[in-house]
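Please see the structure below; I have some questions.
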């Protein structure tokens, strides 16, 4: 594996008040790999995701991307990642397309056709011009996935991407992940359910 | 291919404007509050314009401060609630640019609105028309500075219980120099003396705050997001 | 010297230093304050303008000065903790805040007591008193912010940022209050300045300054021990210290 292309998490410790949430977690992801982080509730899966994304600075330990610390090379790192939190993170008063134009527009210049294409790929092309607050939870999840695709990022950080989705939606997510990883992308997926993916999946189980 | 800080800045400003105009009640409420608070003083004190004129600068400024504080709650709250604040923080542009864009947009729809409404309030409090220019300039500078101070306070108090009370507690002491210089300038304009000194001081304060506050507010957001 | 700085970042070391220094600070503080009070209240001659009322400066002026010093210390400690992630700085800031707030309150109360014989009123919007009042608000803001967070680490960082922002604003607030007061100064309001000082008045005053500083040191050491223990309660060295 080409080390310079990897995401490395080294001995990360995080305390939340008195709780030692992450106790020296280390892992790495290379291109074409997907890391599935699982574990019971409250074991720090989302915390780990936030540390990897750079939102949370660990008390001890480090995260490096392409050999550089993500704290020192923040802009480059953020340009290469797409983060999808548990909430779909859409502005209710903007349409789905406007939401995408804004989020993606901060990362790269894109044409509206590309964004509509991304919405079509996740099956919500019809919602493109509807305000996000009238969409169902499942539709919003699909719009946030369209955002992840449209950002064209190499590293995907997804927190419970299967939430609020029906069987067809789950198949869609699996398909997107497989395609992304097959094309050389990296993904870190937090999911408490089992993943049945036809690609290179490594597992990190967090327990208290 | 990557987006420059300037482009990101304007993109955020455009988004904020679009969002504000789709929720006009968020703009109107602080303005109405401003009018209501100013009405309280004649009701509580006196209806004689000549008496009101003496306290008019203070009343105007206190009312402006309080209604600006009211609207500051909205600066980051909506984005924090629906998770878009995190997306902004991970967009590849430093939080400083993001905070600057949001604060400026916020001022354009709240502070500037207050400034535009102030002649009405000024007339109601007996401020002579000759003093309006000073009043408008001082309010423009003052509300801008206050938006910056409020951005720091709002960044620190997102998501806290009774955060808006804490916001006022934090921001008002820092805003006292503003009140002193702003009301002082308007007062001098009313009494006919030269208000330039006070206005220059206010402008200096504004520049000072505009330069440093974005960094402090970005740091505040970083702390909150952790 | 840098090794000493590194040691200062270590909570157990700081705990030890605080425990060792506290009795010294307290003893010296009692001596200097004792001398200052006895010499100032008992032996210094009455001021030719203010009579015996001026004696309040022996408490008012040191407490006002210290209230500002403690705020600066709190902001510095918090700033260092924020920038270099040295947690002991947060402990120092948290320990100092209530001390500073109490000193500010003392300055306000003694200032008010001085006001009655000077101006005939318990309160006047004098620049010094007004600045002290705003300083009290700043302290209350910092303390409230710290306690509003459920996660104490975030509360510390937020309070530190606010303290730094406040510290930057303190000179601005001072200047603006002086400016404001110069506009509106009535004939009956006089500044609470130090009266012209004779030697027998000066030495007790200086002694009180030193004494208050030492007193702050003593109380800080005491509170710092508690803060450090509380913050580090999960760590091994604290459990050892409790057992022994």
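The first chain written gets the first letter, and so on, giving A, B and C; residue counts start at 1 in each chain.
Quick note on the criterion: a residue touches a chain if its C-beta (ideal position, glycine included) is under 8 Å from a C-beta of that chain, and two chains touch if they have at least 3 such contacts.
What you are looking at is a predicted structure, and each value in this text was computed from that prediction instead of being measured.
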item	value
Set of chains whose contacts include both chain C and chain A	B
Chain at maximum distance from chain A, centres defined as averaged CA atoms	C
Chain at the geometric heart of the assembly (C-alpha centres)	B
Intercentroid distance (Cα basis), chain C paired with chain A, Å	48
Distance from chain C to chain B - Cα centre to Cα centre, in angstrom	32
Centre distance in Å when chain A and chain B are each reduced to the mean of their C-alpha atoms	36
Where chain B touches two or more other chains, by residue	226
Of chain C, residues touching chain A in the complex	150-153, 233-234
Complex contact set, residues of chain B against chain C	152, 156-157, 160-163, 166, 169-170, 172-174, 176-177, 180-181, 184, 201, 205, 208, 212, 216, 219-220, 223-224, 226
Of all residues in chain B, those that touch chain A in their complex	1-3, 8, 11-12, 15, 18-19, 22-23, 78, 82-84, 86-94, 225-226
Chain C to chain B touching residues, read off their complex	82, 134, 137-138, 140-141, 144-145, 148-149, 154, 157-158, 161-162, 164-166, 168-169, 172-173, 175-177, 179-180, 183
Residue numbers on chain A that touch chain B, as the complex places them	53-57, 74-75, 78-79, 81, 83, 85-94, 98, 102-103, 105-109
